[in-house]
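Chain naming follows the written order as A, B, C and D, and within any one chain the residues start at number 1.
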């Protein structure tokens, strides 16, 4: 059985295409994917090989491979695809492409994203069990970290953040149709929740995608906590006392 | 779209005012802001670019810029303002001033603070949903880490810690009036909660502000946990059994 | 009283068998056990000397000793046993063999495992208090990280993950019969829960065992959270609204 | 106002007694106190200057000073006291002795402890609100990490761990009488809970004290979680289903 430590010894001979994933610049996509995956792992978002991330650099997209320990990835593990031709410009020697690839591509082609993050965040899974069709939260400052998308600028404090929830499928690639449908039906969303699975979040750049993902996860976690106290997360300000057990309010 | 990694390459030519943010001393405000923001990030207090911090060094105040990833800040990102003239002595080349600036200034001018911390702590948001006008907790040892403010010394174990809650506004700078009003009405407070937003905490020095913020966040978190068991956080000692479900008490 | 820092000064004279635990390769079992235990400690899985891990390298098995602080282990602390003869090829000078040894051996001999992990995960203990004979969870994406065992490949999203729960005994080694019985009765399991104690998880390689353990712990934690909202973790998709308090659903 | 970063510049002239706190050995008490406090801080046990630790080295006891940030301590901050004469052999230049000192001394003189740890663990505070006179938990594997105290050896799985709870006082040093009383009345305890305050845990060596504290905190946290599901932590094995809501049991 082959080693799963991700550090599989590649053949001594470096191939020309390996230049695509070789850089001493920490902000090179191949390096950054590894750094961000370590961060996501420490947040519990990509535990047990779950989740993934892809970064676009002009016409090239970098994608972490399938089924690897995300916190142990090295640049040599990376796939590089030409966004136009959909051909792999570089493949690692021992891994399979990520089943998330068509989903990442949807964010690139339909939204011109610069990066797309997929996590198995437990808050995302819990929210998908506590809401039917859409996650909604309103009147929370952290919402202001999220973009309007359909026009420049960010949501306001009094806005409602709405994220569609699609049904999970047996195979990750089969989510593509539903994800694309949600992207069309929710032109203002920068994320799609997948029921009993996790979330996809994208942004104009890798840093924006990271910030959006952090802000959304904060809001998902907060919504679960609010619900545990009986407070629906999208009520009007000042209505809290109608929902909280009076024995503990105030 | 400009990079958001905070490490934007500043022009090669260093400006004279850059001396204000250049030091090998880790306790220099420009360095310390970066170190503390990394710590706050690991606590979940400044996730998704939320929150901020400002430190005063005699008549100069150092402020983290708006909308940056707090855990990735570098000294070059810092604004430096003259506290008397309110003029910027140094501005970074690509960032906007923090919308928290007038709020930090309120702590400096009304309370002669040495530093002011702003977080989006989830415990602070939860508490703002579970209390109407003021957060109150009493008879907990950790309260003793907090200052009396109106006279030298610290609160006692039997004292009640009271922190006012102000309503959030669409724009952070518009919080200024309500924050100043709360500072006047609560002469003994070293913090103000902002409903559905977070908290502002200040102190005589940056280390005191940090300690006060930690102690308050501990108490906010504890209060939420107490409420989840039906125990109001400001009851008298020995009354717990009247509130806890008898099936699990003792 | 002897030191418990694990770094007991071994005699100056190195013994020939110490070659078995001496390597500069971080993936050598003696080094890897130490690295993984530090990771498990940071997850709260081996707090207070609890838990353990064993790795097999062809016919040799490496085992952490009894009662040591798992996050402070060094390769010199390791036992090495011949899997066929059950004789120790190398023993540390001051420690006792782990009481988990016969349990680890069961995974090696009955399942040809490459490694076995034992944790005192609080999620595992909670699950053992909330389920009678078996832990069951279904229709969660993370299940797909777990193997079918009885045939090649992994569980699917619509599959139910079932993990048997055995009763704890006064002495860890006395768990062996019940563990072996569970391994026989549940040919598809890669883990056994021990009531009010923790969990044993094994895999074909150390990395697979690690990934399985992470994925299972994620599912145990999620199941406890689901139950706190009234949702049984093995219901059909779409039945959630029948279980969640309607005041907070949607 | 004096700096609180703990790194106050001591006078250039080293005093002879500074030899007591100067060592390159990481297991020297003055170094170890600093290392362990950083660990405790990351666990949330000594947030906001709360908590403390003392280590005994034959007849000398090392004590962290009062009111400092525990994660930023350096050996120069340490007090060293002669256990017999109770005279300070070394005092830092700018700090006050810890108010915990008489409590630590009680563990040294009444129990011949090698170290004593004091934390403000939130689990300890919660337990003190959910139990009247004593914390009790039974039939959990982690209990086996705790000593019998009155005779050699450790508690068994079927044993009940009992930790007395004393009432808090306005001043920490005034806890001494109640703590000593509890130590006398509970000859088998290695810890005392202080209501609405935290816990004191001691052991024969610093490593044993650390392990006991970890194991106890694990059990306190577990007990709170058990109670949140309606399960009293000291019921007999197999009685869980009588307490858990049948809608979520099994």
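What we mean here is this: contacts are C-beta pairs under 8 Å (C-beta built on N, C-alpha and C of every residue); 3 or more make two chains touch, one makes a residue touch a chain.
This is a predicted model, so every value here is computed, not measured.
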Rotation, 0 to 180 degrees and nearest 5, that superposes chain A on copy chain C via CA atoms: 90
Between chain B and chain D, centroid-to-centroid distance (C-alpha), Å: 29
Distance between chain centroids, defined by C-alpha means - chain B, chain C (Å): 41
Where chain A touches two or more other chains, by residue: 228, 231
Arrangement of touching chains [line / ring / star / complete / other]: ring
Pairs of chains, among all present, that meet the touch criterion: A-B, A-C, B-D, C-D
Complex contacts: residues of chain D adjacent to chain B: 1, 3-5, 7, 44, 47-50, 69, 120, 122, 125-126, 129-132, 167-170, 194-198, 224, 227-228, 230-232, 243
Parts of chain D lying in touch with chain C, wherever the complex brings them together: 27, 114, 139-142, 145, 156-158, 204-205, 207-208, 210-212, 214-215, 217-218, 221-222, 225-226, 228-229, 231, 237, 240-241, 244-245, 247-250
